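Once you've had a glance at the structure underneath, I'll fire off some questions.
Chains: A, B, C and D, in written order; residue numbering restarts at 1 for each.
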Amino acid sequence: MAAAILSAQVQEQTFDPGALQQVLVTADSGAVVTFTGHVRGGAGEAEVTCLELEYYPGMTERSLLEILEDAATRWPLLAAAVVHRVGRLAPGEPIVWVGVSAAHRGEAFAACDFIMDFLKTRAPFWKKEHGPAGASWVAARAGDDERAARWQSPADGAG
Amino acid sequence: MLRVLFFARVREQLGCDSLELPWSTGHATVEALLSSLQQRGPNWQAALGQPNLVVAVNQQIADSAARLQAGDEVAFFPPVTGG
Amino acid sequence: MAAAILSAQVQEQTFDPGALQQVLVTADSGAVVTFTGHVRGGAGEAEVTCLELEYYPGMTERSLLEILEDAATRWPLLAAAVVHRVGRLAPGEPIVWVGVSAAHRGEAFAACDFIMDFLKTRAPFWKKEHGPAGASWVAARAGDDERAARWQSPADGAG
Amino acid sequence: MLRVLFFARVREQLGCDSLELPWSTGHATVEALLSSLQQRGPNWQAALGQPNLVVAVNQQIADSAARLQAGDEVAFFPPVTGG
């Protein structure tokens, strides 16, 4: 099959999931799976009034594209795209979007899930939460590493 | 020259986001570069001595044994937390 | 937590995935996963010029809601919705949309995948393909039953 | 009365999408109703004798042993293929 159409974008401005999804649909797309992440506001002492996102210009875009390329090697994808925001975001705002289109739903679900797991554990982004008690860097979560470890082989992931 | 970058908490701890160093035999590996940088003071020793410090050479994840050449870009940062 | 907001809709007219997704987002939504299915056109002797969708008014809507309720019991969802079209559709047109919002991505991915698997194997819809060689009813696929069998217990599915 | 519905290929094979029957002891179970309907002719025997035939009583999937009561809605259809 033809090579998948891949796109990775890092930006400060917000995005429109509906418009991003339309770009993924090709004549053979039977299944489109999307993930949209939103900034969570927390509550009480953990309240987040603002989330600040730092990244590594150059390496971050390259890393995102490599994750998409890895996904397109593991599953027969038609298109895959990621948009990740940086800068200062308010609770509720969309922060990340991943979309995958494929002929069938199995590979679209698996690839979208895989891309998010690797984005969380490989792509150089760092979150700092601002709240009533000041600002603090978000710690990496062991659960994210465990989720990413599910994809040891293409056969496991495609199951 | 070597271009050295710091991100996120590491950047804040050092009060420095980037610096340029002449390449030398004392900076021939990531490990040697780290030792040299840690001489700069207690905050450098602490920030660059963290066990979960991540290093990238020319925008690819590397380990401390990676060899460095003049013109390389080396980055130090904490574990990533995007998404 | 509060009960999830659930919605099931069967309709002839097309739909806008972006607009449907917006309705799912609540103040606590950290993760939104959507699936959009499109009519596949086939090729050669299997070319499909038109897909006809029949359903069982009353039972179909009830069945879809039961699937959403089952998903909301298995995972802590904030909202879940399904829209399924009936009548005559052309290749490329969107036919089904499933969206799930939750605090975290693990449950949003699992629930969306689960809802599609059960929709495919439980909800009373029947497809008839029209093509150059005439019309024929689509046969149920064993692979769909196998995918649905993955969700034997909540623990398996949430993995 | 019993309301009986047919969908998709079954509907086409019978040339009938719904019918009403008086409830009777001869229609006291799905199995009895099926036997009675299959008497109507070879196409009824064939369409309702398919091993993968699905039955719903009052819009819930049921099996052939399910008991029927006056006022019930019974539907026969092939395996579903939506999505």
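Just so we're on the same page, contacts are C-beta pairs under 8 Å (C-beta built on N, C-alpha and C of every residue); 3 or more make two chains touch, one makes a residue touch a chain.
All values reported here derive from a predicted model rather than from experimental measurement.
A.B. asks: Under the touch criterion given at the top, what is the topological distance in steps from chain B to chain D?
C.D. replies: 3
A.B. asks: What whole-Å value do you get for the distance between chain B and chain C if each is reduced to the mean of its CA atoms?
C.D. replies: Distance between chain centres, rounded to whole Å: 49 Å.
A.B. asks: With chain centres defined as C-alpha means, what is the inter-centre distance between chain A and chain C in Å?
C.D. replies: 22
A.B. asks: If you average the Cα atoms of chain C and of chain D to get two centres, how far apart are those centres in Å?
C.D. replies: Each chain reduced to its C-alpha mean, chain C and chain D end up 27 Å apart.
A.B. asks: Multi-chain contacts only, two chains or more: what residues does chain C have there?
C.D. replies: Within chain C, the residues that touch at least two other chains are 37, 116.
A.B. asks: Mapping chain-to-chain touches, which pattern fits: line, ring, star, complete or other?
C.D. replies: Drawn as a graph, the chains make an open path, so a line.
A.B. asks: Using the touch definition from the top, list the residues of chain B that touch chain A in their complex.
C.D. replies: Spelled out, the residues of chain B in touch with chain A are 5, 7-9, 52, 56, 59, 61, 75, 77-83.
A.B. asks: Can you list the chain A residues touching chain C in their complex?
C.D. replies: Per the stated touch rule, the residues are 16-19, 21, 25, 27-38, 40-41, 91-92, 103, 105-106, 108-109, 112-113, 116, 147.
A.B. asks: Sort out for me which residues of chain A touch chain B in the complex.
C.D. replies: Spelled out, the residues of chain A in touch with chain B are 37, 53-56, 58-59, 62-63, 84, 95-96, 116, 119-128, 137-141, 144.
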